[in-house]
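Listed after this line are the structures, all set down as structure tokens.
Presented sequentially are two complexes of subunit A, the first with subunit B as partner and the second with subunit C.
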Partner chain A sequence: MGQDAGDVARRLLTGEIAAGARAIRWLDDRDPRGPALLAAVYPHTGRAQIVGITGPPGAGKSTLTDMLVAEWRSRGMRVAVLAVDPSSPFTGGAILGDRVRMARHALDPGVFIRSLGTRGQAGGLSRSTHDAALVFDAMGYDIVVVETVGVGQDEIDVVNLAHTTIIVAVPGLGDEIQAVKAGIMEAGDIFVVNKADRDGYDATRRQMEMMLHLRAQSRPAQPETPVLRSVAARGEGGAEIVEAIAAHRTRLEGAGDFARRNGLRARAQVINLVKDALTARALELGGDAIFDAVDARRIDPHGAAEHLLRQLDERIIAA
Partner chain B sequence: MNKRPLRVLLAKLGMDTHTVGVTIIGHALREAGMEVIFTGLKQTPEMVCAAAVQEDVDVVGISTLSAGHTRSLPRLARLLREAGAEDKLLVAGGVIPEEDRAVLEEAGVDRIFTMGSDTRDIVAYLDQWWAERQAEEAA
Partner chain C sequence: MGQDAGDVARRLLTGEIAAGARAIRWLDDRDPRGPALLAAVYPHTGRAQIVGITGPPGAGKSTLTDMLVAEWRSRGMRVAVLAVDPSSPFTGGAILGDRVRMARHALDPGVFIRSLGTRGQAGGLSRSTHDAALVFDAMGYDIVVVETVGVGQDEIDVVNLAHTTIIVAVPGLGDEIQAVKAGIMEAGDIFVVNKADRDGYDATRRQMEMMLHLRAQSRPAQPETPVLRSVAARGEGGAEIVEAIAAHRTRLEGAGDFARRNGLRARAQVINLVKDALTARALELGGDAIFDAVDARRIDPHGAAEHLLRQLDERIIAA
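After this line comes the complex of A and B, so read on.
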């Protein structure tokens, strides 16, 4: 395996799996070769539809993803999957088990599945997920599925990444109050009630429709949000969901929103990168002394931040 | 937290459905700060090889408790070489008779842990291998 960023970039642009896999490893590990690699592939991005799949633990996100992958493949589309699972905040280790439910696609050259640990990032994704999606986009996959960790009430970073966000719910998990609290209800483009053969399906569906009805009243310009049913473990409901995802893309493109979402995502990423870099530089300037001063109550946290920023300003002016 | 965690694929080949061992190993490796990717049961060597490449793991660990490993493991080692992934460490564990050891090592299995192995020894072995690998890359 060539270890040069330019070489790996060239090979992944031809669709070579091992090169794409190595690129994602670099981005995930924050290897210094990552930025050069992204710079080389970025002009080739912007075509793939990024589909976020999120919902509570046990909703069947991986099984649903498996079913959708099969459906897309039957339509001749190439699909990449980023499956995110939580890393331990204590050891950094992780059990990444989403592949288990997608084993039937293991030998399909039109399917690339990559597991990622969150590696300390809150919000349901890893820091590298955006960049990994760009790699798959550059490799020419038509669809990039981003399956988040099982989320609770406000881990909705995937909304900022995906063109189309699917919220998966199951009967009997949450009561009305939970659904109201959940920020994820405000974010979805398509809602799916999975395990729809279970008791409580009608009640869950009614709750969702009520929420969406209220949401539509406050945002009348938005088109109606579909609520679909599936029994992913039996392969039921895949065609309707895939069609709704395609319809959502068509609608985004018609309104100019497909490119706009790409632009917003890139903008947010630029801001985050600048934030990270400035933070690192400011902390480097301040050293441990500033934290010692905070510990000793000689300065408060806001004052310490002000102090670091002033130092940073002075250094920029001096340069 | 380790900036660059070791990534380990754990798999079972063939019709062997004894999962207790591989599950315990997986949790031990997670506790040691590694990223552990499970592929599920009834995998063919081709499936394991494809997953190892896609996941860009450093280590491929195969648990075997119902024979067949003298055919499937050499086949996996060959597939990994053909895929240009021979730099990945190939480790096998489980019920592996002593007389099979030479065949497997000859075929490219880097290390064999037989029944009764202590998870701490497995972790220590992988940690040391990873430290050496990173030192090599840095050099």
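After this line comes the complex of A and C, so read on.
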């Protein structure tokens, strides 16, 4: 089996799962064949709809995703799922439950499931997610689901760059959780109250509608945002959500926003890559002397940063 | 009232609240007087104990913080609190409830409370937090509490750099939340089960102790990590937690680790500042042309990032 970037790229474009898995591994491992492969397949991207699914822990996002995957498959669409979990030193990154729940799709070649940990690297989450989404897009998946807990800034960045963002709520969680969730309310295109057979459904739905009403006042030109109900564990509500997602794509395309969001995502990706590379350089530069000076409080952190930037300029000029 | 950095620095060192508030505003707004002021006060930092308090939404972190503040005040210690909230477009960044709960300390000059939103900037959270912690330190606060939801990478970075990290859990939250929390288990110096009067307390405590047992196996030289109980809403358990925090400081100082953690925090701050400055330069250089090429799929994001980095080098050499 070819290990060469061009060969893997060719096989990947035919949708071969093993080639896709290898590509993502190269990108995660920072293997130089990863970027070479992305360069080869990038012209073939831009077709997949990126769907962010987010909400508080316990909202049943994985079960909901599982139900939506089944619904898309019944319509003949191919789906990739990126489950983004905060890395755990005990589990090695992925929450076992996700994998177990998704097991029924494991043998379906029309479904590609991948768990991403953040591996403790700043910016690692968005870098891996964006790279993997491009690979799935090039492989011809119609839908790429990115499922996150949606609380951290990294995750908010990822979700904000999806074409379609689904916010999942659940009856009976406290106010504090609702407030945390408010941080990503702005990005929500479709709202779902899952576990809708539970006590408190009406209150949660009303709360959501009230927040959307407030939001609509600050941007009145927007079309109405759907609030849907589901009981994912019993397979209820999937068709309506999948249809709302398709309707959202149609609306984005009509307004030219589908391609525009791809552009914003690529832009964020470029900026993150530049930032990562420059951090490595900055670290190389300083040596220990400047940090010793900071430790001794002879210079403060902002002063030290300026010093390093001047050094960088001088060293490059001398080279 | 003086607007000059030196004047504000002098007043800040006497503990004047208005001067501290102005300094933090300058730093947040990227006003050039902010770094000038930090340079002036930096030699007077290094005394405050930075205490990170983190845990899932709903664990009662704010109520716990409120209780600890009261306990520290009763011992004559001065306390600053940085509440780090995911930014919300509806509240302007801070969760109203935090402010309401902390209102009883609002008129106490020995307590300084400040909510930080992340303002949607990547890296903005850690920059603002570190800068504010230095200001509080220079003002002579004995304790600087940094309270976060503790799920995002930015937040984990902040908490990892505290002197003392407290992980708050709560009975009755599902497995998924425990898994999320595991990402920062590694950093925990003190564990607290809050709302300990609730059903499920024993199970949560056992779960915590089991995780700590696993952790201890991978680093056997560490002293035992306390697991404490509290019912913060009724003021129960504050004294024990405050004493454990003081004991942790004593242990850090004995091992030389108190100053070492200050050094690590300053180092992270320098690196972030350098990275942000270089990224801004690279983007300025690139202009829109490179992003237009990405949109047209003539170049992929990794290729565009490389191009910008080369341009950065060349312009500096030509200068």
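A few remarks follow.
We adopt the following convention: the second predicted complex is superposed on the first by the 283 of 319 C-alpha atoms of A that agree within 3 Å, B and C clash if a C-alpha of one lies under 4 Å from a C-alpha of the other, contacts with A are read in each partner's own complex, and residues count from 1 in each chain.
We adopt the following convention: a contact is a pair of C-beta atoms (placed from the backbone, for glycine too) under 8 Å apart; a residue touches a chain by one contact, two chains touch by 3 or more.
What you see is a predicted model; the values in this text were computed from it and never measured.
Between subunit B and subunit C, C contacts the larger number of subunit A residues. Contacts of A:Val274 after superposition: subunit C is touched, whereas subunit B is not reached. In the superposition on chain A, contact of A:Arg198 is made with neither subunit B nor subunit C. Contact with subunit C, but none with subunit B, is seen for A:Pro56 once the two complexes are overlaid on the shared chain. In the superposition on chain A, contact is made by A:Phe112 with subunit B only, not with subunit C.
Of the two partner chains, subunit B is the only one touched by A:Ile24; subunit C is not.
Overlap of the subunit B and subunit C interfaces on subunit A: residues 87-88, 91, 95, 97, 120. Residues 35, 38-39, 42-43, 45-46, 56-58, 85-91, 95-97, 118, 120, 122-125, 130, 134, 149, 151-157, 173-177, 179-180, 182-183, 185-186, 211, 214-215, 259, 262-263, 266-267, 269-271, 273-279, 282-283, 290-291, 294-295, 297, 299-305, 308-309, 313, 316-317, 319 of subunit C touch subunit A in their complex. Of all residues in subunit B, those touching subunit A in their complex are 1-5, 7, 26-27, 29-40, 42-43, 46-47, 50-51, 53-56, 83-85, 87. Across the complex, subunit A meets subunit B through its residues 1, 17-18, 21-22, 24-25, 29-31, 87-88, 91-97, 99-101, 103, 106-107, 112-115, 117, 119-120.
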